[in-house]
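Here's the structure we're looking at; comments come further down.
By written order: A, B, C, D, E and F. Residues from 1 in each chain.
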Amino acid sequence: MRQDGRLQTDLRDVTIVPNFVKHPEGSVLISMGETKVICTASIEDRVPPFLRGQGKGWITAEYAMLPRATEKRTIRESSKGKVAGRTMEIQRLIGRSLRSILDLSKLGERTVWIDCDVIQADGGTRTASITGAFVALALAMDKAVSEKKIKAWPIKDYLAAISVGIDQQHGPILDLSYVEDAAAEVDMNVVMTGSRQFVELQGTGEEATYTREQLHSLLDLAEKGIESLISTQKEILGEINGRMKAQK
Amino acid sequence: MRQDGRLQTDLRDVTIVPNFVKHPEGSVLISMGETKVICTASIEDRVPPFLRGQGKGWITAEYAMLPRATEKRTIRESSKGKVAGRTMEIQRLIGRSLRSILDLSKLGERTVWIDCDVIQADGGTRTASITGAFVALALAMDKAVSEKKIKAWPIKDYLAAISVGIDQQHGPILDLSYVEDAAAEVDMNVVMTGSRQFVELQGTGEEATYTREQLHSLLDLAEKGIESLISTQKEILGEINGRMKAQK
Amino acid sequence: MRQDGRLQTDLRDVTIVPNFVKHPEGSVLISMGETKVICTASIEDRVPPFLRGQGKGWITAEYAMLPRATEKRTIRESSKGKVAGRTMEIQRLIGRSLRSILDLSKLGERTVWIDCDVIQADGGTRTASITGAFVALALAMDKAVSEKKIKAWPIKDYLAAISVGIDQQHGPILDLSYVEDAAAEVDMNVVMTGSRQFVELQGTGEEATYTREQLHSLLDLAEKGIESLISTQKEILGEINGRMKAQK
Amino acid sequence: MRQDGRLQTDLRDVTIVPNFVKHPEGSVLISMGETKVICTASIEDRVPPFLRGQGKGWITAEYAMLPRATEKRTIRESSKGKVAGRTMEIQRLIGRSLRSILDLSKLGERTVWIDCDVIQADGGTRTASITGAFVALALAMDKAVSEKKIKAWPIKDYLAAISVGIDQQHGPILDLSYVEDAAAEVDMNVVMTGSRQFVELQGTGEEATYTREQLHSLLDLAEKGIESLISTQKEILGEINGRMKAQK
Amino acid sequence: MRQDGRLQTDLRDVTIVPNFVKHPEGSVLISMGETKVICTASIEDRVPPFLRGQGKGWITAEYAMLPRATEKRTIRESSKGKVAGRTMEIQRLIGRSLRSILDLSKLGERTVWIDCDVIQADGGTRTASITGAFVALALAMDKAVSEKKIKAWPIKDYLAAISVGIDQQHGPILDLSYVEDAAAEVDMNVVMTGSRQFVELQGTGEEATYTREQLHSLLDLAEKGIESLISTQKEILGEINGRMKAQK
Amino acid sequence: MRQDGRLQTDLRDVTIVPNFVKHPEGSVLISMGETKVICTASIEDRVPPFLRGQGKGWITAEYAMLPRATEKRTIRESSKGKVAGRTMEIQRLIGRSLRSILDLSKLGERTVWIDCDVIQADGGTRTASITGAFVALALAMDKAVSEKKIKAWPIKDYLAAISVGIDQQHGPILDLSYVEDAAAEVDMNVVMTGSRQFVELQGTGEEATYTREQLHSLLDLAEKGIESLISTQKEILGEINGRMKAQK
C-alpha cells in the first residue's frame, strides 16, 4: 500500500466544481486529492496575427501557481519578470492537448484562452489542469453554441490526462502525489481521448532509464486512470454529454 | 436604494473562510459580495538585506488577479514581463497597512510574506485584501507563537479596510461594487485599526474634486463599515481574539 | 522652532522659473527649499489607443530622479530595466491630479506629457512636481491657445500640492524636508484646487496611526500652504492668470 | 520512397566532426543531412547554489539557433529579451537526457555546460543536439580524466536521440526532415541509451492522435535509428570507447 | 559663415557652473551653446567584483537625456525597460576617456560614478559630457584629497572633447550644433589630453567616406577647440589647477 | 618577431568560404587566424517604419558570439535578457560601415539583415565581421540582381576592416590576436573602401594616450592590411568582381 493508503492502481479522489468563477464563459475548480486548480475558458473574438483571414480559430493555454500553492513559497513570475521554463513547457502541453480534440475550423475567427491557476499543489498539477480545462472548454463551447456565436459543436472527443511513474518500492503507480513524484525513478504524463487514442506521451527518467516492458505497464495504468477521469467528466457535463454524443 | 438593493450605509455580505489552503502558515478566502480573494501569510526565516543583524522582522505584500477574475480577460503580468503600476500601488498599500499594527521587533529576524490573489473581482479588491490579509496574518502569528518560534504576541491591534465614494445619484456610499466604483466621482480607501485610528487614507477625485464636508461624510461611513468588518474578524479568530485582548 | 528655523506653519522658500528649457511647449524649474524639479509639458498630436476617435484628449505624467539628486547615489531605473513601485505611484498621482482640473474635451485628440525630473531632492518631491507641473501645463496651454491649436482655454482651476506630517516633537508641521519626513510618524500629501477643493489626499502612518482630530489639524495646515503656493503660481503666470480668471 | 529518396527506415547521412572549435573542453560539429549543430561541453569548477557542499556535480544545457539557420530569418532571442518556450523545452530535454547517463557524484563540485548552437536547420535539431552533445561530453570527460581533474570515468552508458513520425502517405518514418516534420500527423522524439533503455519519450499528435499500435511501430523504428547513431558515436570516440567499455 | 554666425573654427559659448547640485562630491552644469548637461561625480567606497582585493579603484560613467531635452519628446529608457545602443556607446566612451587620465591605483578601492544628464540637447552632448565630467571629477578628487580619503592627487592630465565634421557647404567645421550634425557628411569626436595626446578618435562617415587629408584638417580643428576648452577648465578649477600643476 | 612569428606588418592567414550555410541569400565563413565568424546576409521585403513609402532600402547588422567562442564560457545574452553594450557598439559599427558603400535607393523597399556570429574568437572579431559581411552582402546582392528583384547593382565600392595597435615591445602592429590586443596600449579599428577612403576610425587608448605621429604609423599599417583583404575579397567574388568594376 502507498503512503496515503492507495493501491498502485488507485486514483486520488477527484471532484470537479463547474462554473466556479462567474466571469469566464466556462470554468471549474478541479481537485485531485490535495491538488486544486482553477481552470477557466475565455472566448475572445479575434485570432492571433498568423491566423487572420483564414476563417478558423485558435486555442492557447496559460498556467501558473499561486506563490503559496507549494510547500515553500515560490517567487511570482511577474516579480521575476520572466516565465520559467517549466511553466512554458506545461502551458505548451495544455494547448497542444486541447487542440487535438477541438475542431478549430468550427470556432470561426475566435481564440479560446485557457487559464489554469493552481491554488494548491500536491503533484500532478499539469495533468489535473488538462482534465479540468477540458470541462471548462466544454462549458464555454456549450454557452457559445447556445448563444449561436458558434454554429456547430466543435469538440471532437473527450480528453483527460494522468501521471504514472515507477517507484522503487511499489513499481508502476498511478496518479502520483508530490512525495511520490519526488521519489519516483520514472515519471510519465499521458494525455488520451475518449476513444483511447494518445494525444501526448511524455516519459522522463530523471537520472534513470526504463525498458519497453515498463513502458507498457505504465500505459496500462494510465489508460485505466483516464477512463475513470472521463466518466467523471461525463457526469459533470450531464446534458452537454448528450450533445457530445449526438455530434459524433 | 442602490442597484443591488443596498442602502448607502450597507456593506455587502462578508464571509471569511479560515485555513482555505493547506500549505501557508495562515490563509483565508475572503468574499465581499462577488469579490473573492485568497489571502495567505507565509513566514520565512530571514529578512531582506537592509534589515539583517538588527534582530527585527519585516512584512511585505504581493497582490495579483487571476486573468479571468475580471469581466474581460486581463493579460498576465508574468507574460508582459512587468508588474503594472496599479498592482505596485496596491501591494505597497497592503504592506504599509499591516506594518502599522505589527510589532516587527517581536518577529525576530523573520519576514512575513502576504499574498493576496483575487480570484473574482467586483470592486474593492484592495480593501478586501487588507481585511483578509489581517486574518491570515493573525492565524500565522498564532501558529508561530504556539510553536514557540515567536516568543511574544506581535499584533498590536485589529485592522480592516473599506472603500467609500460619492455617487451622483446617492451621494456618499459604502463598499462600492465594480459598477458603482466606475460611476463614482470620488473614490476613497480607508484603512483603520480596532481603536478607530487611521492608518491610510487615500481619496481620489478622478476628473473631479471634493470638499471637506464631503470628506467628513465619507469618513463617517467608512468608520461604520470598518467596525462591522472588525466584528467579523473577531468572530472568525475566536480564541485568537482572546489572545489579542490579553496582549493589550 | 524646526531644525531649519521654520515655524510649524512655514513653507520653505519657493521659486518657479518659467521656460527653463527651450524645446518643451511649457517648462519650469521649481525649487522648494533645496528640492529642485524640472517640470515640462509636451503636446503630442495623438491620443492613446483607448481614446481614439472620441474627440477628447489625455494627460499623463512621468517622474524620475537624477541618480545623484539624493544624498546617496540611486541606481538608474533604465539600468535596472524596471520602474520602481514608488516611481509608478508618484507618476500616477501627478497624472490623476492634473486630470481633475483639465477639461480633456477641449484638448482635441492630443496628449499632454508631463515630465517631472528631480535634479536635487530634499523631501516633498512629489508635491513640488505637481505644483510645478501645473505651471508648465498652463504655459503649454497658453502657447497652444495662442497658436490656435486649441480653441478654448481648457484649464478649469489652479492646482497645487503640499506635504504635511506629524512630528513627535513639534506636532503637525507643513512642508517637510527630507530629515523631517524620515522622522515623521504620519506623512500626508494633499492636492487642492484654487477653490479649496480636495483632489487627492494620501495620508500614511508608516508603523503608526492617527486620529480624526490630527487629520483635521493636518488639513488646516495644508490648506494654508496650498493657498500660498497658488499665489506664487498666479504671480508667475501673470497675464495667463487673467485668462484663467476670464475663463471662469 | 520519401521526398529525398530515403526508405521509411533510413537515417539521413550522419557525420560528427570532433574538436570542431578550439576553446571548449569537448566539441563537435554534428550533421544529420542538412541539419548542422555545433555542440560544446565546458567544465566550470563550481556548482549552482542548490548543490554546493554536497561533493557532486551538475550538467546543464543551452540551445539556440543562428538567426538564419532557418528558411526565414528568426529574430534573435537576445534582441527580444526573452528565451522562447520552444527553446526552453529543448534545453531542458537535452539537460535531463544527459543527466541520465552521467554519474554526477564522480564529477566533484563541477558543472558541465552543454551548448548546442544550430547553424543550419532542416528538422531534428533537438535530437541531433543530444546525439552530438553526448560526444562533446565524452571528449570533455576524457580530457578531465586524463588531466586527473576527475578521478573516475563518470559516463555510465552511450546516449543518442532520434525523431520518428507518422506521415499520411508513408506511415511511420525515421529521422524526419523539416518538410516531413511539418507534414507529419504525429511527431515523436526518442532518447535511448546504449543498453536500449528509454530516457525520454515525447510523442505529440498536434491536432491529431495515435494508437498504441502506432506507438509500437514508432518505437521499433526509433530503436534501429538509435543503434546506428551509437555505432557512429563509437567510431568517432575510438579509444575513448575502450575506456567506456572498461568502465562497465 | 555658419547658420548661427560662427566661423568654421569657432566654438560655441562655453560656460561651466561648478557645484551645480549639492549632494555629489563634484558637479557642474556645462553649457556649449544651447547644449546643457549636468555632470556629477560620486565616490563609492567599494569597487566592482572583478577588481576586489587589488587595492585599486575604478571609474565608470552613465549618460541619459531628459525626455524633452530634444526637439521631439523621447521615450524614457526606464519605460522601455532597456538602454539604447546609442546610450551604451556614449557611456562607454565617457568612461574610457576618463580612465586614460586617472591613476586608478591612487584611488584605493573606490569607484567614481560619473553621471551625465542632458537637460537640453543641441548637438555635441557626448563631447560636452566628457569636458564637463572632467571638471566634476577634479572637484570630487579635490574634496577627497582635502578630506584625506585619497592620499595622492590621482589626475594625470587635463581632458576635453569636441566634435568636428565635414559640411558640404563649409568644409571642415568645429563644434557642430544639432542642425549641422544632421547635415554633415562626416562626423568625428575627438578626446584629447592637456598634453595634446589623443585618447579617443571616432570618425564616422554615415553613408559617406573621407580621405586622409580631410582627417588631417579635422584633427587640426579639433586640437584648437580642445585647447580652448582646457583653458576654460583651468579657469574654473582655479586653485585646483595649481594642484594639478604641482603634481606633474 | 611577434609571439606567433609574424612581423609587425603581417596579417594572419585569411580564408573566406562563400555560401557556408544554405538558407541565407549570401553567407561566408571568414577565418583570420583562429578567429572564425559566420556572416550571413538576408533580404527581407520590407523596411523599418521610419523608411516606409520612401522607395529606398535599409541595411542593419547583428553580432553575437557563441558562448564558448571564448577562452572562458560567456553567458548568453538571451539568458541575461539583454544585449551587452559591447555587442551594441559592434553591431552599430558593422551597420554604419556597410551603409557607406551600399546605395540604399537601389534596394527598393527592402531590408538587408547582416548577421555575424563568432564561432571562435581570437581577437579582431569586429573587423573580421565587417570584411566577411561585405562578401556575404555582395553574394546576396548578386543573387537579387540575377533574380531581377533588384534592378541595378547597388554596391558602390569594396569594404574591409582591420585592427591595428601599439605594443610596448614591438610598436605599431597589424591585425592583433587576442593576447596582443589584451596587452596593447592603443587599439584602433579602421574601416576603409576599395578607393582608400575612410569609413570609420575608432582609436582608443584604454588607460593610455597616443600622439599624432603614432596615429600616422597606425593608419599606414591599416591601409596595407586593408588592401590585402580587398584582394582576397576580389578573388572570392570572381565574376561578381567583374560586375563591381563594370558598375563603377
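What to note about this one:
In this section, contacts are C-beta pairs under 8 Å (C-beta built on N, C-alpha and C of every residue); 3 or more make two chains touch, one makes a residue touch a chain.
The UniProt protein names, listed by chain, are A, B, C, D, E, F = Ribonuclease PH.
Since the model is a prediction, treat every value here as computed from it, not as a measurement.
Note on connectivity: the fewest steps through touching chains from chain A (Ribonuclease PH) to chain E (Ribonuclease PH) is 3. Chains that touch both chain A (Ribonuclease PH) and chain D (Ribonuclease PH): there are none. Which listed pair repeats C-E comes down to matching contact pairs by residue number; over half match for A-B among A-D, B-C or A-B. Each chain gets one centre point, the mean of its Cα atoms, and the points for chain A (Ribonuclease PH) and chain C (Ribonuclease PH) are 51 Å apart. Averaged C-alpha coordinates give centres for chain D (Ribonuclease PH) and chain F (Ribonuclease PH) that are 33 Å from one another.
Chain geometry summary: the mean Cα position of chain E (Ribonuclease PH) and that of chain F (Ribonuclease PH) are 29 Å apart.
In chain C (Ribonuclease PH), the residues that touch at least two other chains are 81-83. Here the chains make one closed ring, and walking it from chain E (Ribonuclease PH) through chain F (Ribonuclease PH) gives E, F, D, A, B, C.
If you check the complex, the residues on chain F (Ribonuclease PH) that touch chain D (Ribonuclease PH) are 21-24, 27, 34, 36, 38, 40, 42, 44, 62, 64, 66-71, 73, 76-83, 87, 113, 115, 117, 119-120. Across the complex, chain C (Ribonuclease PH) is touched by residues 82-83, 85-86, 88-89, 91-92, 96, 99-100, 104, 157, 188, 193, 195-212, 215, 219 of chain B (Ribonuclease PH).
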